[in-house]
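Chain IDs A, B, C and D follow the sequence of writing; residue 1 opens each chain.
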Amino acid sequence: MTAHEPLRGVIPPIITPLTPAGDVDVTSLQRLVNFEVGAGVHAIFVLGSSGEGPYLTEDQQRITLQTVTATVAKRIPVLAGVSDIGTRRTLHNAAIAQEYPIDALVSTSAFYGTVGWNEIDRHFRAIAASTDLPLYAYDIPVFTGVKIPAELTVELAKDGVIAGVKDTSGEEDGFRYIIENTRHIEGFSVLTGSDITGDAAMLQGAHGMIVGVANIDPHGFVRLYDAAMKGDWDTARTEQERLHALRLITKIASPRIGGLSATLGAFKAAQVLRGIIDHDGLQPPLLTLDDAERAQVKAVLDSHGLGPIKA
Amino acid sequence: MTAHEPLRGVIPPIITPLTPAGDVDVTSLQRLVNFEVGAGVHAIFVLGSSGEGPYLTEDQQRITLQTVTATVAKRIPVLAGVSDIGTRRTLHNAAIAQEYPIDALVSTSAFYGTVGWNEIDRHFRAIAASTDLPLYAYDIPVFTGVKIPAELTVELAKDGVIAGVKDTSGEEDGFRYIIENTRHIEGFSVLTGSDITGDAAMLQGAHGMIVGVANIDPHGFVRLYDAAMKGDWDTARTEQERLHALRLITKIASPRIGGLSATLGAFKAAQVLRGIIDHDGLQPPLLTLDDAERAQVKAVLDSHGLGPIKA
Amino acid sequence: MTAHEPLRGVIPPIITPLTPAGDVDVTSLQRLVNFEVGAGVHAIFVLGSSGEGPYLTEDQQRITLQTVTATVAKRIPVLAGVSDIGTRRTLHNAAIAQEYPIDALVSTSAFYGTVGWNEIDRHFRAIAASTDLPLYAYDIPVFTGVKIPAELTVELAKDGVIAGVKDTSGEEDGFRYIIENTRHIEGFSVLTGSDITGDAAMLQGAHGMIVGVANIDPHGFVRLYDAAMKGDWDTARTEQERLHALRLITKIASPRIGGLSATLGAFKAAQVLRGIIDHDGLQPPLLTLDDAERAQVKAVLDSHGLGPIKA
Amino acid sequence: MTAHEPLRGVIPPIITPLTPAGDVDVTSLQRLVNFEVGAGVHAIFVLGSSGEGPYLTEDQQRITLQTVTATVAKRIPVLAGVSDIGTRRTLHNAAIAQEYPIDALVSTSAFYGTVGWNEIDRHFRAIAASTDLPLYAYDIPVFTGVKIPAELTVELAKDGVIAGVKDTSGEEDGFRYIIENTRHIEGFSVLTGSDITGDAAMLQGAHGMIVGVANIDPHGFVRLYDAAMKGDWDTARTEQERLHALRLITKIASPRIGGLSATLGAFKAAQVLRGIIDHDGLQPPLLTLDDAERAQVKAVLDSHGLGPIKA
């Protein structure tokens, strides 16, 4: 990663495996990281929403950062999520993260309470002022309660506050606006958070994808990305459609449990089935899939030929 | 507070005064607490949303708990907010709070990410299992992104998990349902979070009010509460209408800044004007009122005869 | 109704009974109207949401207006709903309604498409300019997609455009604001659309209730209203709580069918069970309750002692 | 149009020009239609949201249908919007429309009141049962208050109830799901309602675009469509980005006036400036742009080289 080249490619927001006792499962995490790097992903995003980052204790965050950076060992960049309720907590997370050899920070808006343009602006400027690392804005209004206005994203980009954005807002208007208005900003990176429209995002000019389903099938997303970069849109579309079908595992447990539990529970259940991690527990109060739901996940994996990985 | 008597009365969710350097302003906090106790409020709620609780660092939380409990000195109960992103962080906050002589815990649902009935249920049961203190559920969907279902509140009440609820949802249907279905649960307390309809809440059967404007004019809310308890609804309504007019200070800075900044900024600006606290700064990224807005706050205070308090 | 006295009391928004063939069931409608008038309600609201007004054809609207006005025969005022998509259609409905001896018009905002303050303002002024009858604004954002701003309601009240408001928004803040700011406008009437908080609305200063459940149990609402007018709030609350319990029939068929179907289907099913109307069909695409759901309605009615009415 | 070939291409949802007196401006409408057909669009959609269809009186609907079908004179298909509050009104509109030589019907869900899956299903089946023409579902939840579930759209497609969908929901997940699950249904057409992501929609497999900005610059959309059909995605993207910039005229009057007024007011103002229609008035209560806003529209048109059309 340099200031001159935008971050590109497939970036899995990796889950954080836990032991039955609720500790970070270091061995599983190492296996997951090596699996992802081996699949050819272009960077790793740790402590994001898929990583239950905001739910983890400081100790859990540290062992996660320690394990991931040591395992990646600079083969590819590591982005660390530092999202938290307000600026001070976020800065605290950022300081911890920077004790480890990470390559960039990722943060949502401040959340809890209704914040507006000016507070979001202040939040990102404060984080950026505290670090020499590139900062990526993470726009996920369904979790934070507030959309980062596309116009503010562009302004922060022009001012060099942020080096890119992960857009998980689902708002196509703003996404397009950002792409069109940051294209000439050197090194700025627009990354979609959508598992469903990665091909369309790439066509529009996105630089890559931070996509949860890459926890299960990173090879598929790498094929999608490579095809898109070659302009082979038929291949990209075919791969995207398959990955969309695979993503339906995230709906299996819904609405028995909430959306975050159903999604992360399915990711972890699938990873256990593939032998990538050992246990599928989540940080409380998030809830895991039950055995019937796990069996449904297995059926989907089987239909995609996604069996146990090679050790 | 006993297990047999519901918590009743006016409970200010006190703000957390900060110095210009951003530390907790202990002297101001002592003055604020003594002002509130002197006004006859029935309990103090510290580290709630008005207290910027979820925005504070652990050090700030500790000094706040220390100062408030020492200043209250058991004259009235102290409720401590422990709301945080997930269960582990909430339990961590609860453990810290219980190092101080507090009388009850208050927590929202887990937030960040979409959680459902089962996760909320699990969250409250985990907190309750960790403490001997009464636990109050705090329902504020506009901040957490999720409404605690009224049916779940009743279920948690019947199971003895929670001792009461602060309902700031603004959903009259659920509020009424809770009142009607918890009336015969010994010691259960229904508290409205509305500054606007306290008289109506009391008429319906609520036990009290946790109301931000009591940071500015606790005497008014005590008069309202006393009138309601005597069945003097004309006086209650007149007082409530005046307090509603006073509350318009929370709209002055909106939409220049977000709702939480505009509200807490106005509370603190008014408290500075009344000599209750010394500075009106907020935890970043929250933003304060500007001088023109402060002047508008002063005009409103003057129209209500709310001048400097006696030392 | 005069320009000097606000409209007060219990005003059932009566349903429109249909024959199995889908025509207005005139005999049932006459029986319903006589039942309501006999119960002591203070006015009748026809062609509202409960009356499926916006779903009816012009022919159905005419026979309904004809039947109701002839049956009421000036014993009490009749308010006619004229809500429609835009101003011209609303004016068309208003012209039709005024061919019958009605006493007032009721209209929502224009709907379909996103309209703002200025369009809503223009809409109500155009309707008022077209008629000598009092005009009531009907605020039901869950159906129209737009909240009539409370400040606009007050402005229209001060300008004499509207003679009152039916507030079904569920937003307690705006409701209180309207009450407080229209109290001194001669003849202006604030009517709650809530079946659940009628006592609280009356305490705050509302003039009456336009409440769907009065289709089933008008006697209960009249008792509630009378108690409130006498300041007998214990009786009012007890009656309101019973009516809230009765209203749970509107949840029986949800979510099998949508909210409007579940509510109106339950009203009509209950009226058939009470012998007030003969059939419980709804205007398509609205759906009726099934037999199991009707049995649940009957059980609730029985528990309230609501049996067949006397012929 | 045949049952065997899906509807494809650029389909302008044409506005309905009005005279200053509020009548349909027949001469302007003829000029508009000839302009669109001359630009090479593939069909005309009349009486949609851009056409203020639901706001028009029956007389206005008739003269519009008469004028458009006569002017098009079967050169390309004409789709007629019949959306209305409930099924009976929609069937009434459909019967009127079919008195004119149209080629297909387009309808939203029923609206006003909360309807669910079963009511929407019943609504579309009733319309389809009443006609031999192809029926297109129009999904625009921001106007109707309800999203047509993607799974229901697919079910209606499989059952032959609908021949296609105009998706203006902005929900990329459902849009993709529909494309993937209707691909093998003979003659079924997926049309995006987005002016912003037409290229991405085409890449994913959409058959065409029903896009309001084609009222102003149909040539641009035809170029975009042709490029996409040839797989020339760079040209498609470049054209789409230009059209996105052009579409910013729809934001000029917002939030002075509501979204529908700001959008349609801008379309009509631009058409007057281009000499396509003579007046830019809208059906009340919708509001037109003011002169300063019209000047801003002109500046945007000029920057795109969109001057007066040839007579």
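Couple of notes before you dig in:
As a working rule, a residue touches a chain if its C-beta (ideal position, glycine included) is under 8 Å from a C-beta of that chain, and two chains touch if they have at least 3 such contacts.
Here the structure is a predicted model, which means the values were calculated and not measured.
The minimal number of chain-to-chain contact steps leading from chain B to chain D is 2. Note: the chain lying farthest from chain D is B, by mean C-alpha position. Our note on geometry: chain A versus chain C, Cα centroid distance of 50 Å, whole angstroms.
Once the centre of each chain is set as its mean CA position, chain B and chain C turn out to be 37 Å apart.
Viewed as a contact network, the protein chains form a single closed ring in which every chain touches exactly two others.
Contact residues of chain A toward chain B in the complex are 49, 52, 54-57, 83-89, 92, 110-116, 118-120, 122-123, 126, 142-145, 255-261, 283-287. Looking at the complex, you find that chain B touches chain C at residues 170-173, 176-177, 180, 194, 196-197, 199-201, 203-205, 231, 233, 237, 241, 244-245.
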